[in-house]
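Next come two complexes built around chain A: one with chain B, the other with chain C.
Showing the complex of A and B:
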């Protein structure tokens, strides 16, 4: 039982963590919580199944095409749901605009792809039982994504420009950084991370349109737990959420496990409103 | 000829007098087409049953019209696409009744829509036949015009219970469903009925259909000593995940329940084809083949007719097609016997049917009972044995 909790818990936790990182990536350059993060992950599974299973493409080609498609959806989100509301961030209109885009993505997926879960192919064919690839693949994907992001942010000029925009938008623009282009690039990057989450978790979650709403929700929890904009917090929060959720599934089962998850979530936020890893932000007065 | 003032006056008076007499009306009512309204989700995610039912409906209409119609009157279908949306179904119902002036309505084909449209049709007293399973849709005092030609939820429940207790002879059951309104209601009703019959429900749960791992619930069911798992959900993903976990656990417990257990989509979702064995889904005697691969004689005759008419059965269910044919024939017979398209006449005739031999089943309606499908025709099928819309009868039936 313990092995099963750890295997399935880490796998789903890694997917939640990646969705959390997707939220953060979009937030860092725009200060917008885009509720399309879960839908991008859902599309990762749907596109992956479509390219590799329905169209019969090789896994690598299907994976790359999936990432391209998710990146395009990320860019579209920036154009139609984020850019128009940036001037009035204090009114939180982005909640409405990004939720609207998320709903559109979900409905189009339901109509074009179908409302029943569709199979997702075995990608490598390695492992069985608790060592099945459907459990370790999301964890490996999560680890590689984090390594890639660390490299991007610490070793590349573009990554440092992202950090500069995230740190102080006005100062970065004053230095001549192309803020708009960097924001578009960050939404494309978020689309890619969401696509990786959905593709690597496809064997576990299947290619199912309803995964979008689920991942939107469970992906938001690690962001809130770990602190907004904090990727390390999102990773720790996501993995902890997955493990706790799976343990609750075993111990109390069914719908009560969701109740347990959100009870803990509320308790943590009451104790640490800024998130477990987020520092209290200074406010200029 | 001299035209006098008197002549003009007489002539005008005569013309006016003649004009005031009505000419005999042409016998329009006797030759006008019989208009049957169809409420069906032709597009959208819930369109699969419609595709099947429509093949039957169109086949029957073509056959009747090809043979000269009903007492010389052709049947005309007025089809409306509800897209599975209750609000669209309501609008279409009102249009069919008030503008299209249909004589009877077939559908809608899912309970969500029917819950919204049935009271509207009752107010208009329009004869209505539908296949929706929710119990409350049939109430002869509130909806004396509404007839059900397919089993209700409780008839499904009876068939599942009968199979578990009397054929599989198991006493310890796990009853599970999804977390939708349907899942919660169906599990509650099923548990109560099993307990009433003296069975022991050792595990009861509503599981989130998007839960990625079903191991926890399956493990709890096994530890509770479950001898059969009764499933009430339409989520094929959840079902396939449970079949895969059962195989991984080396557990040979049977699954019994909702027709979706036999959905073709499961074939792609199970890790191995054998994971789908020992799964018994609700089916119908008329659409189940025996050990020698033979359907009941009436169904064999239907399949031969459909094959001759180039009606495809490989991507749908036979009961949908057979049900579609039956509905049109029921309406046609009612109009033929009652002699008109008068709503009261059609309803009165339907109320007299006693084991009327349709292709899908033998229908019986009385003024006090509009659940027309016989419970003993509801049987269990081997879920993974689909063949041209039919299934193998589950083991244990004679």
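Showing the complex of A and C:
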């Protein structure tokens, strides 16, 4: 029992963590929390199922095509919902504009794809029981994504430019960094990460339009736990959330495990508003 | 004899003034209420022109509006983006249905079940709202979204009570409310009642305080507005409205399943408010009506309704952030006179501002504060005596504004003590300063752009109000007295600072210098014992600075101690009784203007010479 709690917990936790990283990737270059993060992960599952199962493409081709589609949607988000409201960031209009885009994505998915959960193909066909691929795939995908991001941020010039913009937007622009292009790139990157989350978690969550709203929330909890923009916090928070949810599911039953997660969310926010790993707040006066 | 006549004349003048203001108040109230009464008449006429189908649509509109009228205070007035309020509708629907059906306890009559649902909704309204007390917008949006997600899951899973996916019968209302039109009139009646409640809150000092917290949170704290208390009060109200709407909704549906409460409904509620416009009640009401009718008249689009709502939302955000209310606001498009001058009348202060008792002195001893390794203030001693103007000068970064922020509680000093007469001033806690009689202005004026000048000034007197939130909610007499008192005082203070002609103009249409004087009027609403002015002369013309000087002198003559941070050396040496010069967080010199003017280090470091 314990083993299956851990397997299922780590698997869903890895998906939440990846959605959290999606939030952070968009936040780092634009200071915008976007409601499209969960929708991108939902699309990862829907596109994946569509390309590989409905259209019968090879897994690798379907995977790459899914990522391309998610990246494009990330870029579209930047153009129509983020760029126009950046001037007045303090009015929080981005909450509304990204919500609008998220709702459009969700509604189109519901109408074009259907409102019933649809199956996701077995990708590799490896493992069974608690070692089934639907449990370890998200974990592996999460680990590989983190390694990739670490490589990007530490070893490449583009990655360092990302970090510079995240650290101090004004200074980075003064240095001549192409801030707008980097922002577009980061939204494409966020789309890819969200797509990976949805694709790798497809066998666990199925291709279901309503996953978007669900992952929006469950993916945001680790960000709130870990502090905005803190990827390490999001990973730890995501995995912890997955384990907590599965344990609560086992201990108190399905109804109350979601209540437990919600309570945890509210309590943590009240006790540590900046997140458990977050920095101090900005000056107000 | 002559004096007696003069004084009785004054009394008569005062009495007629009060009478005039009251008559004025009635007219204003009627003008504000007229559109709502018109809507109510239209609603009552609907049965004459419509069939049962229109009864259904009308009922649905009324029910949605019951929820939206409460939510409007949260979204439109307090500015918190509650996107998952369908969860509270669901909660109210199930609570009412389960109580009436008697699934868990003996059946309850529906008119008793509705108030119980309202209480449950109010409690959950606060729980969902808790993150908004401490955190930025997105978190609250998320917590309402999370709540919406789990409520549906619970409704599905808790089969013994909610019937799970199969559902449960909605409550039935007794005659005469069991016909289509009977139920319609019940819902319209409840909707009219919640409209009245929310309008009462919106037009009271609590409504103004909500907008102040939304648009100028720091200034709101300085006027003593407690954000948590305000928000909890409206979360209670909005939750109760939503739950009552849920009970009515369940009855309208006759049978409810979790599927009935789609997220689309949440979106409808939320967008109705944004289409309507922030800080308005009529706007969101029209928004609710439009969004309810839209899918009905465009039947082929029904499946795409959420998509349409989303497109509308994006358009509003990008193109028309003010919503319908901004379109209907003709007054704000009338041009203002461009050659207007600020002519304060400090002499009028005597009749308006209570004379400070003058028995308190504000004393700072050894205050120290550092940001990281930078010592912003390093062992500061400062005394501000009643009725005195104390100048605080020094180069940029010497700790002047930081000192003001320590006194007004935005920063908690790491060392030293602050005392007000014998009482210690607790470090931090800016919202308590107003009650200690400390008022302030800000380096960049912090006013509520979307409120009128008069309302902005009235915000300064929020803690002077006596009526509780419940009294304001029900428009009881004490609230009306508060309103009259605050409005009269604010108008008089606008006369003192020379802006009475702009009282009913939106503050965001004013010039920078006018905003500075509004801030002073707002601070004077408190009858402050101490007034902290942060560079009040910055951006003012020479004439305006002279008038400002007269005004400051008149305020201090009423016994108010003034701490003045300023860069205009002439102004400082002109009006100050005492001057403290700071450099790098330490006192460089302190004394009378005469002493400072010849102080060698001050002259070489700061004044130049």
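Keep in mind that, in the parts below, the second predicted complex is superposed on the first by the 281 of 285 C-alpha atoms of A that agree within 3 Å, B and C clash if a C-alpha of one lies under 4 Å from a C-alpha of the other, contacts with A are read in each partner's own complex, and residues count from 1 in each chain.
One rule holds for everything that comes next: a contact is a pair of C-beta atoms (placed from the backbone, for glycine too) under 8 Å apart; a residue touches a chain by one contact, two chains touch by 3 or more.
Since we're looking at a predicted model, the values are computed, not measured.
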*Using the overlay on chain A, decide if chain B and chain C clash or can fit next to each other.*
clash
*Go through the superposed model and pick first if A:28 touches only chain B, second if only chain C, both, or neither.*
neither
*Which partner does A:77 reach: the first (chain B), the second (chain C), both, or neither?*
neither
*After superposition on the shared chain, which partner residues are touched by A:111: those of chain B (first), chain C (second), both, or neither?*
both
*More residues of chain A are touched by which chain, chain B or chain C?*
C
*Check whether A:4 is in contact with chain B, with chain C, with both or with neither, and answer first, second, both or neither.*
first
*A:249 contacts which: chain B (first), chain C (second), both, neither?*
first
*Where does A:39 make contact in the superposed view: on chain B (first), on chain C (second), on both, or on neither?*
neither
*Scan A:66 for contacts with chain B and chain C and give back first, second, both or neither.*
neither
*Report for A:204: first if it touches chain B alone, second if chain C alone, otherwise both or neither.*
first
*A:145 contacts which: chain B (first), chain C (second), both, neither?*
neither
*Taking the contacts chain A makes with chain B in one complex and with chain C in the other, which residues are shared?*
111, 214, 254-255, 258
*In the complex of these two chains, what residues of chain B are touching chain A?*
44-46, 179, 205-213, 215-217, 219-220, 235-237, 240, 248, 263, 265, 268-269
*Inside the complex, what are the residues of chain A that reach chain C?*
33, 80-81, 84-85, 91-93, 95-97, 99-101, 103-104, 106-108, 111, 213-214, 216-217, 220-221, 224, 254-255, 258-259, 261-262, 265-266, 269-270, 273, 284-285
*Where on chain A does chain B make contact in their complex?*
1, 4, 8, 11-12, 110-111, 114-119, 129, 201, 204-206, 208, 210-211, 214, 246, 249-250, 253-255, 258
*Provide the residue numbers of chain C that touch chain A in the complex, in ascending order.*
81, 83, 127, 130-131, 133-139, 141-143, 145-147, 149-150, 153-154, 157-158, 217-218, 263, 267, 274, 303-304, 306-307, 309-311, 313-314, 316-318, 321, 401, 405, 410-411, 442
